[in-house]
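There are two complexes below, and they share chain A, which is joined by chain B in the first and by chain C in the second.
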Partner chain A sequence: MSENQTGNQPETAGESGRGIGTDEWVAQHEQRLNQASGPFAALGQRWLQLPRGIQWLVPLTIALLIPFLTSNDYILRIGVNLGLFLMLVVGLNLTVGYAGLLDLGFVAFYGFGAYMYAFVASPQFGIHWPTWLAIPMVIAVTALFGLALGTPSRRLSGDYLAIATLFFGQMFLVLAVSSDAVQFPWMQEPVDVTGGANGITNVDPFSFFGFTFSSMTSYYFLLLGLIVIGVFATLRIHNSRHGLAWRAMGEDALAAQHMTIPPVRMKLLAFTVGAAVAGLAGSVFASVQLGVFPSTFKLPLLIMLYAALILGGLGSVPGLVIGAIIMVVLPEVLRFPDYSNWLFFIVLIVAVVTTLKSWKIITAVFVSTLAVGFAANGIFLALGVPYLTTPEWTEGPLAPILGAWVFMPEDRLLYGNIAFVLLVVAIAWMTTRTRRTRLIALPFVLWLAVFTWEVRLLLEPSVTRQLLIGALLIVLMAARPQGLFGKPRVEVL
Partner chain B sequence: MTEPALSLRGVTKRFGGLTSLDNFSLDVEPAEIVSVIGPNGAGKTTLFNVVTGVYTPDEGRVFLHGEDVTGLPPEKVARQGIARTFQNVRLFLNLTVRENIKAAMFGRTRASLLGSIVGSPLARREEVEKEEQVREALEFFGTRLQGYRLDQPAYSLSYANRRRLEIARAMATGASVLLLDEPAAGMNPAETKEIAQIIRRLRDDRGYTIVVIEHDMHVVEGISDRVIALDHGVQIAAGSFDEVATSPAVIEAYLGKGAAVTK
Partner chain C sequence: MEYFGEQLVNGIIVGGVYALIALGYTLIYGVLQFLNLAHGELYMMGAFFGFFAMVAVGGPSAAVVPTWLMIIIMFLVAMGGGAGLGVAVERFAYRPLRKSRRLAALISALGVSLFLQSAALLLFGARVRLYDTGQFINLRSGFSIGSIRIDITEIMVVVGSLLLMAILWFLVNRTQLGRSMRAVAVDQDAAVMNGIDVDRVITITFALASGLAGAAGVMSGLLLFPVDQYMGIFAGLKGFTAAVVGGIGSIPGAMLGGFIIGIVEAMATGYLNPTYADFIAFLILVLVLLIRPTGILGKKNLAKV
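Here is the complex of A and B:
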């Protein structure tokens, strides 16, 4: 009798009803919320319906075509940087995204790999190993280094592990900078091991059986190949025995241990594999640069790596690719004032469009923002504020429209600073108001933002670059806290 | 006489001055259902933690099918064949139902990391086996964890389904002994009835040896071959449900001194 009862309990979901209130409807609540958001949703839907193979083929084809479309070394250089960055993100994803180990010493593995390659393939010690021998050695040694640095994870977790690994990362940096005169007890003279702050130069480029990687293009394709392998491997790991074990551990280490998953072994494996990938990336880096310099391996790189991971969505494979692209390409694009100007307006418009969701309101907001601009222009003129018509303002793609709309006072610093303060106050004030009030205030705030941007912020390209990246990240994270491609997660308490 | 599936010999566990388990011995026969009852703080969960390797006992040994598993870490104990559920359900909440169960099969599979990446024959064969195991483990619970729910994250499940999934996950480890820590806690009467049936079927259909900690006396009465009552780490009564339920020591432990007399 027991069999019958358990099998045929009244089930609300399933065959018959899939309406409001049933189990299934409730369970899929989150998906529906995510689906129908904003006018860009239709495009995203169509993309998601494509088979996964094609989804990956599109970016791959674009990446393959780039070297044929341009011979510009600068663009290929960005491609190579992106490639190296992506390799690091792929490695870090194993430790952080899957196993949930907060490893803040990760960049040390990258540096370690780079120095190791430089040791065996540069005039520093007069050793010039062939590449086919040097690379496996570097990977193996860096993996061992990762194993050694992973040992604190046997006992530490969470914040404590983060502090311990951060210490190791910084220690590596200090050692790299200060080991230019190491006194070994069995030697007369101090030995220059790492070249100190100047690093090691004249590192050999990669060379396999007579083919030397001399051009940026060759490295570009090498890295593209490595990344295809890396991404493919990550996709395979995701649902594999080890991938699931890591993800389970990241969720609840104690429960995972009770479900036959050995925590220490899996943690060390994550550290080791991550380090091996970083070591490989490091040796490529050393040979692209033809040199190694300690300043590369400082904290900002680590922060960028984490930003890319989190932005893309922890543990999501397409996410880490997109995250890396944003974090590498964006700062380069923003070196050009015109592009950063474009980006500013695109971010602003996209932010408004995606948050407001209804075309009617969006149009109303944009029209009133324009009106506010012309009105402000009129007020400034009426008050007799001296203004500029300098060439730097009238040039650029948006000049014809903006010139008549944004007022450009002669004293850009003064008005810009005032506007900046007002803007910050206005945004802070808005967050405490109801949606209705916010909507009414929005055109004024938007205009104020544009005014501040044009009058003041464009004067400081290096600052605006950082500011814009920061703003973009904030907007993205506010819109999608789980990252661009991450699934919504719940925290385990 | 057959060898007991699970056997504790004089197990003692102290936390500082508090003796949580005091010279405790227990033999559980294969395919037997033993319930452990007792007031809060009696040492029931400590008992589970000692058996599964969370704590190493200060004295005494734990045997599984005659093999000494005392002092092994939890993952090794689980591989030897003891799986558990938790008092406060501890699923991998952001993993799907399917993934939760597959993750628990780590110890039964052999594929290497590299093998999984390149798709070695072993890895591929194991993947097929795992799918089969998922189906088998979930079939046990009827349609509740099947269909669209397979690929839902565990956090989207109802409380009762989470408890069911936790049992399914424990089954997936390949264990022969299940330790269930308050499987009916927080469930409504219908669900409680169902969980009691599930526990009985785990034994009848699948031959599991089961130790249950439970506060719901209807469940205890319905499923137990034997009931053990604990208080202050000491076994105060053992036997059939009726024997234990009427034992003066048990009534005293629950209701205080004198309660047994006035009754």
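Here is the complex of A and C:
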């Protein structure tokens, strides 16, 4: 028994103001959760009172204005990436968020769509179908492909399905990389199907009846349109017959079956529709990139998609938009050492301030963190560890403070790796202790985090990104499985 | 025929490694009904631990200890490291989720997988490591059946994996610990009422499973598989396939499944296109799941609702 996830489900709300099958305690629990406090509470309440249409209009207007405010191709590029990502999240949400099918091969559909489009619209086979023909073909073929993969899922429960689809996704990757010399029995020479690791280049851009999508701006608007359709469709599905059936099945397949929901058909439908959306996203991707490269479809993309979905709260539509924005924009910020440094300290300070709450304790923690840093400097100096001076490793506005406070050993790899292992151990250890011990340990751990970040993690932005996403999934699942914007499940047994 | 024999031997050897990984899946699934998606990553970490243990005692060519001792140290370090890591993963990533939805635990496992892969990349670098077994073991030694040569490492791997499986079988079926493991597998609540410390049993289960994965990592290293942070994905998936083929939850089934996958794959590599050998395991997985989801030795699960 669980609450609904958007908190807006008028057709099930009874006279007493609570949904059917929701008892008094649960209803009150939701009310308690709604009583937010803090400086933003009033603003948040006001926002929630606005009609749904207006709530959606605000982000849409911002999105529409961006291309007119900036002609910076890089920002538009991020917008396009966000659009593609959001399409994938919308598709994945149907399969995972609603139907509860853990599809870990989802990225393969994306890749499949991209390759299918490249096959019919590139010099690879010398075929150049018009876009209006190519896109429906790609969508149809990918959907069929999803149906084919979904077929074994009839019999599989959660975990089996997860690993079978994971295997499938990895298989797709191997196939894409190794099919550059396929020997067909009826051909003399091996055929280069996928271009191997180099992929397929010179893919045709989209072009409808004479209008060719040549600039980033045009793709930006195309994707914006697709997403508006996608989000609107998801909102419509949410409380529709199929949406309710999917969600019921995701909660408890057996119970859903007893309510006359056909599980096999609904599962296959979820797979097929999810695959079709991914296929469409794939064809857009191929034409934006003007090429397809197998390295795009690796495991990290899948995990980022899941992270976005979960960050926002599974099955919650506004949540998935926000989750996608966080997952796409944050890594872009992390790309620049200066920004990522700022971001790191802001996140750290905000996290400390919001969790500790009492100003006295917060001040004490920050002061002792500073003290720990200077003490560590002293210890390193006393041990005679060779170090780098400030201009050698950092610059920008933070440099004077960081330079004085963080000890930068010459051997960044060694000390950074040791600090990283210690940091992971320390954080894990802290979760098992009482609040008192945690408070005492906090300054040391904070210093260790800063040290690890400055010494080691800043050197490897892409690895750090994956590391943080992995850690985020673990922490999120343990601390807040309903996501940032979802509501906790209340179970009454 | 000779070629067939060679492929058969190769298959059995690789099958031993798969069987060890499969045992880990089976053990954890048997006790917790949970698929540890990050199991392959523990195997990868085990291979790295074994490599660094080898470097620590002087490296492949200039070891300060005799070869047999070095190999034992490598196994001990890898198994210990793997077991420690496995226990930590269970404690911090899976235990908080034991009572929540399955989806949550699986997604957390996905996070663990990515975290361990990128941690390995961060700590050990992107360089591919090789054990260089030829430096300390004479690969010419061993014996031959007809014209098929089997060298000493290969014997060691097969014998070692069989030995570990036998120990595990004994632990689960003939000791008090094994009894409590089986009790937890049947019903956790009932096990608690009978005075079994469920957390402890689950911790030990993870330690055993991950220790076996670590041993499998060293074995694959000794067989000259390249050691890098991505080696765990496919090994884990094939180990899982082996566990499913044999019947997940069954220890003899996992061994059987491991050898079957190894042999079929070796045959596919030998007689078909080697690039598509990975496909074979996937096809087997899909076929088994469609035709007989309980596997060869698995029991039909009667769910009472």
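The criterion applied here is as follows: the second predicted complex is superposed on the first by the 325 of 493 C-alpha atoms of A that agree within 3 Å, B and C clash if a C-alpha of one lies under 4 Å from a C-alpha of the other, contacts with A are read in each partner's own complex, and residues count from 1 in each chain.
As a convention for this text, a residue touches a chain if its C-beta (ideal position, glycine included) is under 8 Å from a C-beta of that chain, and two chains touch if they have at least 3 such contacts.
No experiment lies behind these values; they were computed from the predicted model shown.
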Partner chain(s) touched by A:48 [first = chain B, second = chain C, both, neither]: neither
Which of chain B and chain C A:254 touches, first, second, both or neither: both
Partner chain in contact with A:361 - chain B first, chain C second, else both or neither: neither
Which superposed partner A:471 touches (first chain B, second chain C, both, neither): second
Which superposed partner A:140 touches (first chain B, second chain C, both, neither): neither
Chain B versus chain C as contact partner of A:346, first or second or both or neither: neither
Which of chain B and chain C A:152 touches, first, second, both or neither: second
Chain B and chain C contact sites that coincide on chain A, given as residue numbers: 254
Complex contacts: residues of chain A adjacent to chain C: 96, 100, 102, 104, 152, 155-156, 158-160, 162-164, 166-168, 170-171, 174-175, 178, 183, 254, 299-300, 303, 306-307, 310, 314, 417, 420-421, 424, 428, 431, 456-457, 460, 463-464, 466-467, 469-474, 477-478, 481
Chain A residues within the chain B interface of the complex: 2-3, 5-9, 11, 13-14, 23-24, 27-28, 30, 232-233, 236-237, 239-245, 247-248, 251-252, 254-263, 269, 273, 487, 489-490, 492
Contact set on chain B toward chain A in their complex: 52, 54, 73-76, 78-79, 83-84, 86, 90-95, 99-100, 102-109, 111, 113, 116-117, 119, 123, 126, 141-144, 147-149, 152-153, 155-156, 158, 169-170, 172-173, 190, 194, 197-198, 200-201, 204
Chain A contact footprint on chain C (complex, rising order): 34-35, 37, 88, 91-93, 96-97, 100-108, 110-119, 121-123, 233-234, 237, 240-241, 244, 273, 275-276, 278-279, 281-282, 285-286, 289-290, 293, 305
